[in-house]
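Each chain carries a letter (A, B, C, D, E and F) given by its place in the written order, and its residues are counted from 1.
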Amino acid sequence: MELVPNNSLKCATPEEGRQLAIQLALQTAFAIQPDDQAEHIIRDAYANNPDGIIAASHVVATEFATVAAANNYWR
Amino acid sequence: MELVPNNSLKCATPEEGRQLAIQLALQTAFAIQPDDQAEHIIRDAYANNPDGIIAASHVVATEFATVAAANNYWR
Amino acid sequence: MELVPNNSLKCATPEEGRQLAIQLALQTAFAIQPDDQAEHIIRDAYANNPDGIIAASHVVATEFATVAAANNYWR
Amino acid sequence: MELVPNNSLKCATPEEGRQLAIQLALQTAFAIQPDDQAEHIIRDAYANNPDGIIAASHVVATEFATVAAANNYWR
Amino acid sequence: MELVPNNSLKCATPEEGRQLAIQLALQTAFAIQPDDQAEHIIRDAYANNPDGIIAASHVVATEFATVAAANNYWR
Amino acid sequence: MELVPNNSLKCATPEEGRQLAIQLALQTAFAIQPDDQAEHIIRDAYANNPDGIIAASHVVATEFATVAAANNYWR
(Lines give C-alpha, C1' and ligand atoms only; values in the text may rest on other atoms or scores of the structure.)
Protein backbone atom coordinates (compact mmCIF):
# COMPACT_ATOMS: atom_id res chain seq x y z
CA MET A 1 0.00 0.00 0.00
CA GLU A 2 1.09 3.52 -0.69
CA LEU A 3 0.88 5.82 2.33
CA VAL A 4 2.06 8.92 0.46
CA PRO A 5 0.66 9.24 -3.09
CA ASN A 6 3.59 9.52 -5.55
CA ASN A 7 5.91 9.33 -2.52
CA SER A 8 6.19 13.14 -2.46
CA LEU A 9 4.97 16.11 -0.46
CA LYS A 10 5.52 18.48 -3.41
CA CYS A 11 2.31 20.09 -4.64
CA ALA A 12 1.94 22.74 -7.31
CA THR A 13 -0.82 24.65 -5.52
CA PRO A 14 -2.61 24.96 -2.17
CA GLU A 15 -5.58 23.10 -3.68
CA GLU A 16 -3.37 20.14 -4.55
CA GLY A 17 -1.82 20.39 -1.10
CA ARG A 18 -5.24 20.14 0.46
CA GLN A 19 -6.10 17.08 -1.63
CA LEU A 20 -2.85 15.48 -0.50
CA ALA A 21 -3.66 16.23 3.15
CA ILE A 22 -7.00 14.44 2.77
CA GLN A 23 -5.30 11.50 1.06
CA LEU A 24 -2.66 11.22 3.79
CA ALA A 25 -5.38 11.11 6.46
CA LEU A 26 -7.36 8.45 4.56
CA GLN A 27 -4.35 6.26 3.84
CA THR A 28 -3.47 6.16 7.54
CA ALA A 29 -7.00 5.02 8.37
CA PHE A 30 -6.76 2.19 5.83
CA ALA A 31 -3.29 1.23 7.12
CA ILE A 32 -4.66 0.95 10.66
CA GLN A 33 -7.79 -1.03 9.72
CA PRO A 34 -6.87 -2.84 6.49
CA ASP A 35 -9.93 -4.98 5.88
CA ASP A 36 -12.84 -4.77 3.48
CA GLN A 37 -15.00 -3.22 6.16
CA ALA A 38 -12.82 -0.19 6.77
CA GLU A 39 -14.32 2.12 4.18
CA HIS A 40 -17.84 1.02 5.17
CA ILE A 41 -17.18 1.64 8.89
CA ILE A 42 -15.74 5.06 8.25
CA ARG A 43 -18.51 6.18 5.88
CA ASP A 44 -21.23 5.01 8.30
CA ALA A 45 -19.59 6.90 11.11
CA TYR A 46 -19.64 10.13 9.17
CA ALA A 47 -23.22 9.70 7.98
CA ASN A 48 -24.65 10.08 11.47
CA ASN A 49 -21.83 11.53 13.44
CA PRO A 50 -20.95 15.19 13.13
CA ASP A 51 -18.31 14.74 15.86
CA GLY A 52 -16.57 12.27 13.56
CA ILE A 53 -16.61 14.79 10.72
CA ILE A 54 -15.05 17.44 12.96
CA ALA A 55 -12.45 15.02 14.32
CA ALA A 56 -11.49 13.97 10.80
CA SER A 57 -11.29 17.62 9.74
CA HIS A 58 -8.82 18.16 12.57
CA VAL A 59 -6.60 15.37 11.23
CA VAL A 60 -6.71 16.94 7.75
CA ALA A 61 -5.79 20.33 9.24
CA THR A 62 -2.78 18.75 10.97
CA GLU A 63 -1.65 17.00 7.80
CA PHE A 64 -2.11 20.21 5.79
CA ALA A 65 0.16 22.10 8.19
CA THR A 66 2.97 19.69 7.24
CA VAL A 67 2.20 19.74 3.51
CA ALA A 68 2.05 23.55 3.49
CA ALA A 69 5.39 23.83 5.32
CA ALA A 70 6.91 21.31 2.90
CA ASN A 71 5.88 23.55 0.01
CA ASN A 72 7.07 26.72 1.77
CA TYR A 73 3.41 27.80 1.89
CA TRP A 74 3.39 28.34 -1.90
CA ARG A 75 4.89 31.78 -1.32
CA MET B 1 -15.23 21.33 -5.45
CA GLU B 2 -12.78 23.92 -4.31
CA LEU B 3 -10.97 23.01 -1.08
CA VAL B 4 -8.96 26.24 -0.95
CA PRO B 5 -10.93 29.37 -1.95
CA ASN B 6 -9.05 31.12 -4.81
CA ASN B 7 -6.41 28.38 -4.51
CA SER B 8 -4.25 30.64 -2.32
CA LEU B 9 -3.20 31.05 1.29
CA LYS B 10 -2.38 34.73 0.74
CA CYS B 11 -4.53 37.06 2.82
CA ALA B 12 -4.23 40.82 3.14
CA THR B 13 -5.04 40.93 6.86
CA PRO B 14 -5.45 38.69 9.95
CA GLU B 15 -9.21 39.09 9.64
CA GLU B 16 -9.13 37.69 6.10
CA GLY B 17 -6.80 34.97 7.33
CA ARG B 18 -9.29 34.01 9.98
CA GLN B 19 -12.11 33.85 7.43
CA LEU B 20 -9.94 31.61 5.27
CA ALA B 21 -9.23 29.31 8.23
CA ILE B 22 -12.98 28.90 8.81
CA GLN B 23 -13.53 28.23 5.10
CA LEU B 24 -10.76 25.62 5.00
CA ALA B 25 -12.32 23.79 7.95
CA LEU B 26 -15.79 23.87 6.40
CA GLN B 27 -14.62 22.72 2.97
CA THR B 28 -12.95 19.67 4.51
CA ALA B 29 -16.20 18.76 6.26
CA PHE B 30 -18.10 18.97 2.97
CA ALA B 31 -15.40 16.95 1.18
CA ILE B 32 -15.71 14.18 3.78
CA GLN B 33 -19.52 14.10 3.79
CA PRO B 34 -20.56 15.33 0.35
CA ASP B 35 -24.32 14.90 0.41
CA ASP B 36 -27.24 17.27 0.80
CA GLN B 37 -27.53 16.39 4.47
CA ALA B 38 -24.04 17.51 5.42
CA GLU B 39 -24.81 21.12 6.21
CA HIS B 40 -27.98 20.10 8.08
CA ILE B 41 -26.11 17.50 10.18
CA ILE B 42 -23.37 19.93 11.09
CA ARG B 43 -25.72 22.79 11.98
CA ASP B 44 -27.88 20.51 14.16
CA ALA B 45 -24.83 19.28 15.97
CA TYR B 46 -23.76 22.77 16.88
CA ALA B 47 -27.23 23.87 17.94
CA ASN B 48 -27.29 21.53 20.93
CA ASN B 49 -23.70 20.57 21.37
CA PRO B 50 -21.21 22.95 22.93
CA ASP B 51 -18.53 20.24 22.72
CA GLY B 52 -18.97 20.31 18.94
CA ILE B 53 -18.51 24.08 18.88
CA ILE B 54 -15.30 23.77 20.90
CA ALA B 55 -14.00 20.91 18.74
CA ALA B 56 -14.71 22.90 15.56
CA SER B 57 -12.99 25.95 17.07
CA HIS B 58 -9.92 23.78 17.61
CA VAL B 59 -9.89 22.85 13.93
CA VAL B 60 -10.12 26.53 12.97
CA ALA B 61 -7.26 27.35 15.36
CA THR B 62 -5.12 24.67 13.69
CA GLU B 63 -5.94 25.95 10.19
CA PHE B 64 -5.25 29.52 11.27
CA ALA B 65 -1.77 28.55 12.50
CA THR B 66 -0.95 27.48 8.94
CA VAL B 67 -2.57 30.50 7.29
CA ALA B 68 -0.78 32.89 9.68
CA ALA B 69 2.60 31.23 9.00
CA ALA B 70 1.91 31.39 5.25
CA ASN B 71 1.41 35.14 5.55
CA ASN B 72 4.46 35.58 7.82
CA TYR B 73 2.03 36.58 10.59
CA TRP B 74 1.26 39.87 8.78
CA ARG B 75 4.38 41.36 10.34
CA MET C 1 -18.49 40.52 12.99
CA GLU C 2 -14.88 40.95 13.81
CA LEU C 3 -12.97 37.66 14.07
CA VAL C 4 -9.66 39.29 14.96
CA PRO C 5 -9.95 42.23 17.41
CA ASN C 6 -8.32 45.31 15.81
CA ASN C 7 -7.45 43.09 12.84
CA SER C 8 -3.95 42.52 14.22
CA LEU C 9 -1.91 39.82 15.92
CA LYS C 10 0.49 42.41 17.38
CA CYS C 11 0.45 42.49 21.17
CA ALA C 12 2.68 44.51 23.48
CA THR C 13 3.07 41.79 26.09
CA PRO C 14 2.47 38.05 26.71
CA GLU C 15 -0.50 39.00 28.90
CA GLU C 16 -2.11 40.87 26.00
CA GLY C 17 -1.22 37.96 23.73
CA ARG C 18 -3.03 35.60 26.05
CA GLN C 19 -6.11 37.82 26.09
CA LEU C 20 -6.05 37.88 22.29
CA ALA C 21 -5.83 34.07 22.17
CA ILE C 22 -8.95 33.81 24.36
CA GLN C 23 -10.75 36.35 22.16
CA LEU C 24 -9.82 34.50 18.96
CA ALA C 25 -11.21 31.26 20.39
CA LEU C 26 -14.45 32.93 21.51
CA GLN C 27 -15.00 34.77 18.22
CA THR C 28 -14.75 31.49 16.32
CA ALA C 29 -17.39 29.95 18.55
CA PHE C 30 -19.75 32.86 17.89
CA ALA C 31 -19.03 32.71 14.15
CA ILE C 32 -19.98 29.01 14.10
CA GLN C 33 -23.13 29.40 16.19
CA PRO C 34 -24.29 32.97 15.58
CA ASP C 35 -27.59 33.06 17.42
CA ASP C 36 -28.73 34.54 20.68
CA GLN C 37 -28.41 31.18 22.40
CA ALA C 38 -24.73 30.73 21.68
CA GLU C 39 -23.33 32.43 24.73
CA HIS C 40 -25.93 30.73 26.95
CA ILE C 41 -25.11 27.27 25.52
CA ILE C 42 -21.40 27.75 25.96
CA ARG C 43 -21.63 29.10 29.53
CA ASP C 44 -23.95 26.25 30.59
CA ALA C 45 -21.56 23.73 29.16
CA TYR C 46 -18.68 25.05 31.20
CA ALA C 47 -20.70 25.31 34.41
CA ASN C 48 -21.09 21.56 34.74
CA ASN C 49 -18.51 20.20 32.39
CA PRO C 50 -14.85 20.13 33.33
CA ASP C 51 -14.08 18.32 30.06
CA GLY C 52 -15.44 21.35 28.21
CA ILE C 53 -13.18 23.66 30.20
CA ILE C 54 -10.15 21.52 29.35
CA ALA C 55 -11.11 21.29 25.68
CA ALA C 56 -11.55 25.07 25.49
CA SER C 57 -8.20 25.57 27.23
CA HIS C 58 -6.62 23.45 24.50
CA VAL C 59 -8.06 25.74 21.82
CA VAL C 60 -6.67 28.78 23.66
CA ALA C 61 -3.26 27.07 23.89
CA THR C 62 -3.31 26.48 20.13
CA GLU C 63 -4.30 30.09 19.39
CA PHE C 64 -1.63 31.37 21.78
CA ALA C 65 1.07 29.39 19.94
CA THR C 66 0.22 31.42 16.81
CA VAL C 67 -0.02 34.75 18.62
CA ALA C 68 3.29 34.13 20.41
CA ALA C 69 5.04 33.25 17.14
CA ALA C 70 3.53 36.35 15.49
CA ASN C 71 5.11 38.47 18.23
CA ASN C 72 8.43 36.62 18.07
CA TYR C 73 7.70 35.38 21.61
CA TRP C 74 8.23 38.90 23.01
CA ARG C 75 11.97 38.23 23.05
CA MET D 1 -6.50 38.36 36.84
CA GLU D 2 -3.08 37.55 35.53
CA LEU D 3 -3.11 35.12 32.63
CA VAL D 4 0.69 35.00 32.27
CA PRO D 5 2.59 34.97 35.60
CA ASN D 6 5.03 37.92 35.65
CA ASN D 7 3.82 38.75 32.14
CA SER D 8 6.78 36.91 30.61
CA LEU D 9 7.57 33.68 28.79
CA LYS D 10 11.23 33.84 29.83
CA CYS D 11 12.27 30.93 32.06
CA ALA D 12 15.75 30.13 33.34
CA THR D 13 15.40 26.36 32.95
CA PRO D 14 13.19 23.66 31.37
CA GLU D 15 11.83 22.88 34.84
CA GLU D 16 10.67 26.49 35.24
CA GLY D 17 9.30 26.35 31.70
CA ARG D 18 7.28 23.32 32.59
CA GLN D 19 5.86 25.03 35.68
CA LEU D 20 4.90 28.02 33.53
CA ALA D 21 3.14 25.73 31.02
CA ILE D 22 1.06 24.24 33.84
CA GLN D 23 0.27 27.72 35.16
CA LEU D 24 -0.79 28.97 31.71
CA ALA D 25 -3.16 26.03 31.33
CA LEU D 26 -4.67 26.57 34.78
CA GLN D 27 -5.09 30.33 34.36
CA THR D 28 -7.06 29.77 31.15
CA ALA D 29 -9.39 27.40 32.95
CA PHE D 30 -10.04 29.98 35.66
CA ALA D 31 -10.54 32.72 33.05
CA ILE D 32 -13.18 30.60 31.31
CA GLN D 33 -15.02 29.59 34.48
CA PRO D 34 -14.33 32.38 36.97
CA ASP D 35 -16.48 31.38 39.92
CA ASP D 36 -15.76 29.87 43.29
CA GLN D 37 -16.73 26.43 42.04
CA ALA D 38 -14.13 26.28 39.29
CA GLU D 39 -11.30 24.78 41.25
CA HIS D 40 -13.68 22.31 42.94
CA ILE D 41 -15.16 21.21 39.59
CA ILE D 42 -11.76 20.70 38.04
CA ARG D 43 -10.31 18.79 41.02
CA ASP D 44 -13.35 16.48 41.18
CA ALA D 45 -13.06 15.76 37.51
CA TYR D 46 -9.47 14.66 37.84
CA ALA D 47 -10.12 12.55 40.96
CA ASN D 48 -12.26 10.06 39.08
CA ASN D 49 -11.45 10.74 35.49
CA PRO D 50 -8.21 9.55 33.95
CA ASP D 51 -9.40 10.88 30.55
CA GLY D 52 -9.49 14.35 32.10
CA ILE D 53 -5.93 13.95 33.36
CA ILE D 54 -4.74 12.93 29.89
CA ALA D 55 -6.66 15.78 28.21
CA ALA D 56 -5.17 18.30 30.64
CA SER D 57 -1.70 16.85 30.05
CA HIS D 58 -2.23 17.48 26.33
CA VAL D 59 -2.98 21.14 27.02
CA VAL D 60 0.19 21.42 29.11
CA ALA D 61 2.21 19.79 26.31
CA THR D 62 0.83 22.35 23.85
CA GLU D 63 1.63 25.27 26.18
CA PHE D 64 5.12 23.88 26.81
CA ALA D 65 5.84 23.77 23.06
CA THR D 66 5.32 27.55 22.99
CA VAL D 67 7.29 28.22 26.19
CA ALA D 68 10.18 26.05 24.96
CA ALA D 69 10.28 27.85 21.60
CA ALA D 70 10.15 31.22 23.40
CA ASN D 71 13.26 30.20 25.35
CA ASN D 72 15.00 28.80 22.28
CA TYR D 73 14.74 25.37 23.92
CA TRP D 74 17.34 26.37 26.56
CA ARG D 75 20.07 25.49 24.07
CA MET E 1 12.00 -2.12 23.93
CA GLU E 2 12.87 0.13 21.05
CA LEU E 3 10.74 3.27 20.91
CA VAL E 4 12.39 4.63 17.75
CA PRO E 5 13.18 1.97 15.12
CA ASN E 6 16.93 2.11 14.30
CA ASN E 7 17.16 5.00 16.77
CA SER E 8 16.92 7.51 13.93
CA LEU E 9 14.43 9.96 12.41
CA LYS E 10 16.25 9.90 9.05
CA CYS E 11 14.11 8.52 6.23
CA ALA E 12 14.98 8.34 2.56
CA THR E 13 11.49 9.21 1.33
CA PRO E 14 8.12 10.55 2.50
CA GLU E 15 6.74 6.99 2.27
CA GLU E 16 9.39 5.74 4.69
CA GLY E 17 8.71 8.77 6.88
CA ARG E 18 5.06 7.85 7.01
CA GLN E 19 5.87 4.28 7.99
CA LEU E 20 8.12 5.61 10.75
CA ALA E 21 5.33 7.88 12.01
CA ILE E 22 2.99 4.87 12.28
CA GLN E 23 5.70 2.86 14.07
CA LEU E 24 6.37 5.68 16.55
CA ALA E 25 2.67 5.87 17.39
CA LEU E 26 2.41 2.09 17.87
CA GLN E 27 5.55 1.81 19.98
CA THR E 28 4.21 4.44 22.38
CA ALA E 29 0.99 2.47 22.79
CA PHE E 30 2.94 -0.69 23.62
CA ALA E 31 5.19 1.24 26.03
CA ILE E 32 2.11 2.54 27.88
CA GLN E 33 0.33 -0.82 28.06
CA PRO E 34 3.09 -3.43 27.93
CA ASP E 35 1.18 -6.65 28.44
CA ASP E 36 0.11 -9.45 26.13
CA GLN E 37 -3.35 -7.96 25.84
CA ALA E 38 -2.25 -4.64 24.41
CA GLU E 39 -2.31 -5.55 20.73
CA HIS E 40 -5.64 -7.40 21.18
CA ILE E 41 -7.23 -4.42 22.97
CA ILE E 42 -6.10 -1.98 20.33
CA ARG E 43 -7.17 -4.13 17.37
CA ASP E 44 -10.62 -4.74 18.90
CA ALA E 45 -11.07 -1.04 19.45
CA TYR E 46 -10.41 -0.25 15.82
CA ALA E 47 -12.62 -3.06 14.51
CA ASN E 48 -15.80 -1.44 15.79
CA ASN E 49 -14.77 2.09 16.51
CA PRO E 50 -14.33 4.61 13.73
CA ASP E 51 -13.63 7.30 16.34
CA GLY E 52 -10.61 5.26 17.44
CA ILE E 53 -9.35 5.07 13.87
CA ILE E 54 -9.66 8.84 13.48
CA ALA E 55 -7.98 9.50 16.86
CA ALA E 56 -5.11 7.18 15.95
CA SER E 57 -4.78 8.90 12.55
CA HIS E 58 -4.41 12.19 14.41
CA VAL E 59 -1.51 10.77 16.43
CA VAL E 60 0.16 9.58 13.22
CA ALA E 61 -0.32 13.03 11.66
CA THR E 62 1.36 14.62 14.70
CA GLU E 63 4.28 12.17 14.58
CA PHE E 64 4.63 12.71 10.82
CA ALA E 65 4.94 16.47 11.31
CA THR E 66 8.06 15.83 13.42
CA VAL E 67 9.50 13.21 11.07
CA ALA E 68 8.92 15.47 8.05
CA ALA E 69 10.63 18.43 9.78
CA ALA E 70 13.54 16.17 10.78
CA ASN E 71 14.03 15.27 7.13
CA ASN E 72 13.65 18.89 5.97
CA TYR E 73 10.44 17.79 4.21
CA TRP E 74 12.48 15.81 1.64
CA ARG E 75 12.98 19.03 -0.29
CA MET F 1 8.74 17.05 42.28
CA GLU F 2 10.78 17.15 39.15
CA LEU F 3 8.75 17.91 36.05
CA VAL F 4 11.70 17.67 33.65
CA PRO F 5 14.15 14.83 34.46
CA ASN F 6 17.67 16.30 34.89
CA ASN F 7 16.13 19.70 34.09
CA SER F 8 17.21 19.40 30.47
CA LEU F 9 15.73 18.75 27.03
CA LYS F 10 19.12 17.58 25.68
CA CYS F 11 19.08 13.95 24.59
CA ALA F 12 21.88 12.04 22.88
CA THR F 13 19.61 10.07 20.56
CA PRO F 14 16.02 9.91 19.27
CA GLU F 15 15.44 6.89 21.53
CA GLU F 16 16.41 8.93 24.58
CA GLY F 17 14.27 11.77 23.28
CA ARG F 18 11.31 9.45 23.07
CA GLN F 19 11.85 8.26 26.63
CA LEU F 20 11.98 11.89 27.77
CA ALA F 21 8.71 12.64 25.94
CA ILE F 22 7.01 9.77 27.80
CA GLN F 23 8.48 10.99 31.12
CA LEU F 24 7.31 14.57 30.50
CA ALA F 25 3.78 13.34 29.83
CA LEU F 26 3.75 11.16 32.96
CA GLN F 27 5.17 13.85 35.23
CA THR F 28 2.43 16.25 34.17
CA ALA F 29 -0.20 13.67 35.05
CA PHE F 30 1.30 13.21 38.52
CA ALA F 31 1.56 16.98 38.99
CA ILE F 32 -2.14 17.35 38.19
CA GLN F 33 -3.30 14.48 40.40
CA PRO F 34 -0.66 14.19 43.13
CA ASP F 35 -2.09 11.53 45.40
CA ASP F 36 -1.33 7.88 45.98
CA GLN F 37 -4.18 6.87 43.72
CA ALA F 38 -2.91 8.62 40.63
CA GLU F 39 -0.78 5.82 39.23
CA HIS F 40 -3.52 3.27 40.02
CA ILE F 41 -6.21 5.38 38.29
CA ILE F 42 -4.10 5.87 35.20
CA ARG F 43 -3.07 2.21 34.91
CA ASP F 44 -6.68 1.02 35.32
CA ALA F 45 -7.80 3.41 32.64
CA TYR F 46 -5.34 2.02 30.15
CA ALA F 47 -6.09 -1.62 31.00
CA ASN F 48 -9.62 -1.43 29.62
CA ASN F 49 -9.58 1.69 27.54
CA PRO F 50 -7.97 1.78 24.13
CA ASP F 51 -9.17 5.37 23.69
CA GLY F 52 -7.08 6.31 26.71
CA ILE F 53 -4.02 4.66 25.19
CA ILE F 54 -4.50 6.59 21.96
CA ALA F 55 -5.10 9.88 23.80
CA ALA F 56 -1.94 9.35 25.87
CA SER F 57 0.01 8.52 22.72
CA HIS F 58 -1.12 11.85 21.30
CA VAL F 59 0.30 13.66 24.33
CA VAL F 60 3.61 11.82 23.90
CA ALA F 61 3.68 12.76 20.20
CA THR F 62 3.17 16.42 21.13
CA GLU F 63 5.92 16.31 23.76
CA PHE F 64 8.25 14.55 21.33
CA ALA F 65 7.78 17.32 18.74
CA THR F 66 9.23 19.76 21.29
CA VAL F 67 12.05 17.46 22.40
CA ALA F 68 13.00 16.72 18.77
CA ALA F 69 13.07 20.43 17.91
CA ALA F 70 15.15 21.13 21.04
CA ASN F 71 17.71 18.60 19.80
CA ASN F 72 17.61 19.93 16.23
CA TYR F 73 16.12 16.57 15.22
CA TRP F 74 19.46 14.81 15.86
CA ARG F 75 20.58 15.87 12.40
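Simple rule for what comes next: a contact is a pair of C-beta atoms (placed from the backbone, for glycine too) under 8 Å apart; a residue touches a chain by one contact, two chains touch by 3 or more.
Just so it is clear, the structure is predicted and the values come from calculations on it, not from any experiment.
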**Report entry** Number of steps on the shortest touching-chain route linking chain B and chain D
**Finding:** 2
Report summary line: At minimum, the number of touching-chain hops separating chain D from chain E is 2
Query raised in the report: So which chains count as neighbours of both chain A and chain F?
Result: E
Report task. Could you tell me which chain lies farthest from chain F when each chain's centre is the average position of its Cα atoms? Result -> B
Report summary line: Matching the CA atoms of chain B with those of chain C requires turning by an angle in degrees, to the nearest 5, of 60
Query - chain A and chain D, separation of their C-alpha mean positions in angstrom - result: 31
Requested in this report: Mind checking the centre-to-centre distance between chain C and chain D? Centres are C-alpha means, answer in whole Å.
Outcome: 15
Report summary line: So chain B residues touching two or more other chains come to 46, 51, 55-56, 58, 62, 65, 69
Query raised in the report: So what shape is it, when you link every pair of chains that touch: line, ring, star, complete or other?
Result: ring
Report task. Can you trace the ring for me, chain A first, then chain E, and on through the rest? Result -> A, E, F, D, C, B
Query - Touching residues on chain D, where the partner in the complex is chain F - result: 13-15, 17-19, 22, 46-48, 50-51, 53-58, 60-62, 64-65, 68-69, 73-75
Query - Partner chain F, residues of chain E touching it in the complex - result: 2-4, 7-9, 24-25, 27-29, 31-33, 37-38, 41-42, 44-46, 49, 51-52, 55-56, 58-59, 62-63, 65-66, 69-70
